[in-house]
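In the two assemblies presented below, chain A is common to both, partnered first by chain B and then by chain C.
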Partner chain A sequence: MKRRYAIGFLTIATLAIFWFLATGPLALISPGRFPSPPDVWASLKQVSTKGYANGLLYQHVLHSLKLVALGFVVAIGTGVPLGLLMGWSRRAEAIINPVFSIIRPIPPLAWIPLAILWLGLGDAAKVMVIWFAAFVPSVINSFTGVRRIEPYVIEAARMLGTPRWRFVREVLIPAAAPLIFTGMRLSLQASWTTLVAAELVGALYGLGRILNVAQQDIYPGMIFVGMACVAILGWATTRLLAEVETRSLPWIQMARA
Partner chain B sequence: MAVITFEGVRKSFGHNGGGFLALEKIDLTIADKEFVAIVGPSGCGKTTCMRMVAGFEFPTAGTVNVDGHRVTGPGPNRAVVFQQFALFPWKTVSENIALGLRNKGVEKLEREKRVHQAVELMGLEGYEGAFPHQLSGGMQQRVAIARAYVLEPDVLLMDEPFGALDAQTRTTMQEELVRIARRNPRTVLFITHAVEEAVYLADRVVIMTRRPGRIKEVIDIRSVRTAEKWDKYERIEDVMDLESFVHWRTHIWRSLREEKSGQDR
Partner chain C sequence: MATAQTTALTRFQTLFLGTIGILLFLGIWSGLSLSGLVPKQFLPTPFEILSKFVQLLSTPFAGGTLQEHLLSSVLRFAYGFFLGAAIGIPLGLMIGWYRLLDEIVSPIFDALRFIAPIAWVPFAALWFGTGIGGPILIIFAGAFPPCLINAYRGARFVNRSLIEAAQMLGTSNTRIITEVLLPASTASIVAGLRVSAGLGWQSLIGAELIVASTGVGFMMVQAQLNISTSIVMSAMLAIGLVGLCIDIILRWVEAAVRRRGLA
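Coming up: the complex of A and B.
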């Protein structure tokens, strides 16, 4: 394991050195196309202290983070229960599935124009688009999670006389939990993708806004800062979710150990 | 009280019950507190019989009654030990055992006491906080048995409950089951492939034919056991040496072999 980390670290270090040399002393890449490390550093300093595209870096970050959190929570808050319901009740599936099948093939980003038309350039439009995009994987995976429950586990719960709500809380949800979490992870990724896309198209603040303005200003260093922020935030929120998963499913960790 | 009756039961699976025939002409009455073992070739419908008493499956024709009431669904008065354990992987050993008592509304102190007793009875001390995946197959099976026992059900339905156990544990569990059954008898429907186990444990052994399953023969072991005083021996191997035991064991073996060879043809 340690060896793996060492090799990974070496690869990254090599790339970083190459980046430094190619954009600096060796002048292999024009700074107008690809920023040098000092360019990126200067851009970072500028957006953090003086501000860029209507705000300071932390304001943009908080704004994007807030929208992702909102969209994600709304998406899983509706998607997971809907998926569970469709998994459990054949009737609910029969009713909902046709609607779902019509909406599903529409790429989530195709909702952006309509969302802006309805709700303007503000937050509501973005939350709506994130919701539409992030909702789908949560529904599908929760649904599959329920359908894959071993029938005799359900029979055991019935034999023990488990009342309905206790059954949902203590049998249905834990049994489907691994796939529910898979769905949430995909939903989280979809939330970030959609947010950045929506902010690129039209926003007053946010990381997508930084990217958009930096592109118009032909400012590669700032584009780089924006991309790096999205990557770091995406990684951090995914890690956070993985941590929640580990803590919520102790029996699975035990089984692996 | 718990009397189980099968009356003219037929069961087929598939298109509206018109598909393939699994059981036919099953007529059987299991008396209150009687221990009945079912043996038969694989796929002859033993599990299906049990599932109809449990309320997971319903006869295509005929009736299955418990205490004169037609079975309409599962309930904790008929506890099941499943062939595949069917434990809840996300619950610890004691949580698995306690769920049925919680559902019955047994209050906490009483519940803990009874779970503890069940844990002791099944030799699971020290594993109360373990998850099923951390246990061996044999221990998981014992949890499944404890989960059924703790309900103090009128009827115990056991589907090859000792199938996953190693020979030593199996013997201990068989002796234990006999001890429990004599001390605190219940109506038991016990499915097994092991003929010796059936003869050792049961009051009556039901032999089934190959598919579609019918009742081929019902053997009254209890009267033999009483007449030959099997109960004065504590160890299973001592009972298994008795002439009367060997006689009936061989008889059932032959009967089963007939069915199996018929199947091969």
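Coming up: the complex of A and C.
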């Protein structure tokens, strides 16, 4: 493991040095194509102190974060119960599945123009698109989670006469939980992708807005800052979700150890 | 407990309930539109969308008919997807085999992985323009990671005894990669291709919404600017259908691979 970290560190360091040299002293890459480290630093300073594209960096970040959180929560709040219901009841599955299969092949990003038509360029349209994007993985995975429960678990609970709500709370959801979390992770990624796309198409604030304005201004340093922020936030929220997963499913940890 | 999770429905019941579901869906949709609860301009009836769809096949919109736009989208997709597969699969196999390469590539890959494919749009436009090069980079950004990851996993989880047998017989590294690792990880690679195709197609639509002057995504944006909901929805239908076709083709490949016993 030590060797792995050392080589990883060396690789990143070499790349950083190459980046510095190629954009600076050696002038291999034109600054109009890719920014140099000082360019990036200047852009970062500009957007965090003076502001860019209607706001300061933290305002854009908070705005994007808020929309992702909102869309994600709405999608999970509707998708997971629907998936559990479809997993639990074959009848519900038979009714909902055909409609779901019609809507599913439409990629989430293709909803953006419709969302703009319906709700305009504001926050509501973004939340709608994120909802659609994050909804599908959470439905599919909760559904699969329920279907993969061993029949004897269900039979044992039933034989013991477990009341319905207790059954849902103490058997169904915990047993499906690992896959529900898998679905949530996919939903979260879909949320970020969709948000960035929706903000690139049209927005007043947000990281996508920074990227959009920077593209029009042909400002590579700012594009870099925008992309880095998207990556860092995507990484941080995924880590947060993984943390929630390990905290809330302690028995999985025990099984792995 | 009203329904037991384990009791399966008969074929007829499934079909019947499915029909009810679809009729309910279409009924509520048409009802909302016809009753005027939602202005028709914003929610045309399913029938209007179908007729618009047929009409778009013969009358051009935004510089081309629907199939012309679709063709340019599919061509872009094909370039980006094949590029992603052609680089992702060999690289994945190689980092699955050479440990040093894995240790060098993985940190870079992990750092780039969290950038949403669509966030490459500004650089793609800056480096390759908005014609064909820029969108291809974005499809590539969507399609490349699953190809790489699945080829890597496939190569990593190959039965050790196969590799040891090959090594014992003095097989060279290159031949181990092409003749042991590649066949053994075909199933994983094909599964990766399916994920890639889905992400690539979706990224392409996103890219065309933002920067392009042809393609079905561009057509949608034009329709949105003209406040023509029926064209937007027809385009969504077309995008869904093409995406479905791509998936069906790859599923067919997957089944063929399994039948041949390559998996």
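Operating definition for what follows: the second predicted complex is superposed on the first by the 257 of 257 C-alpha atoms of A that agree within 3 Å, B and C clash if a C-alpha of one lies under 4 Å from a C-alpha of the other, contacts with A are read in each partner's own complex, and residues count from 1 in each chain.
What we mean here is this: contacts are C-beta pairs under 8 Å (C-beta built on N, C-alpha and C of every residue); 3 or more make two chains touch, one makes a residue touch a chain.
A quick note: this is a predicted structure, and the numbers were derived from the prediction, not measured.
Partners chain B and chain C, brought together by superposition on chain A, fit side by side with no clash. Across the overlaid complexes, the C-alpha centre of chain A sees chain B and chain C at an angle of 90°, to the nearest 10. Of the two partner chains placed by superposition, only chain B is touched by A:R166; chain C is not.
In the superposed pair of complexes, A:L249 makes contact with chain B only, with no contact to chain C. Contacts of A:R158 after superposition: both chain B and chain C are touched. Of the two partner chains, chain C is the only one touched by A:V201; chain B is not. Contact with chain B, but none with chain C, is seen for A:P174 once the two complexes are overlaid on the shared chain.
For chain A, the partner that touches more of its residues is C, with chain B and chain C as the two candidates.
In the superposition on chain A, A:P98 makes contact with chain C only, not with chain B.
Of the two partner chains placed by the overlay, neither chain B nor chain C lies in contact with A:K45. In the superposed model, A:R33 lies in contact with chain C only, and not with chain B.
In the superposition on chain A, A:M227 makes contact with chain C only, not with chain B. Aligning both complexes on chain A leaves chain B and chain C separated at their closest CA atoms by 10 Å. Taken together, the two structures place residues 158 of chain A in contact with chain B in one case and with chain C in the other.
Across the complex, chain A is touched by residues 54, 56, 73-76, 78-80, 82, 84, 86-91, 99-100, 102-104, 131-134, 147, 151 of chain B.
On the side of chain C, the complex with chain A involves touching residues 1-3, 5-9, 13-14, 16-22, 24-25, 42, 100, 103-104, 106-108, 111-112, 114-123, 125-127, 198, 201-203, 205-206, 209-210, 217, 220-221, 223-224, 227, 229, 232-233, 235-237, 239-241, 243-244, 247. Residues 150, 152-153, 155-163, 166, 170-171, 174-175, 177, 249-251, 254-255 of chain A are the ones that touch chain B when the two sit in their complex. Residues 3-4, 7-9, 11-12, 15, 32-34, 87-91, 94-99, 102, 105-114, 116-118, 146, 149, 151, 154, 158, 164, 167, 189, 192-193, 196-197, 200-201, 208, 211-212, 214-215, 218, 220, 223, 226-227, 230-232, 234-235, 238 of chain A are the ones that touch chain C when the two sit in their complex.
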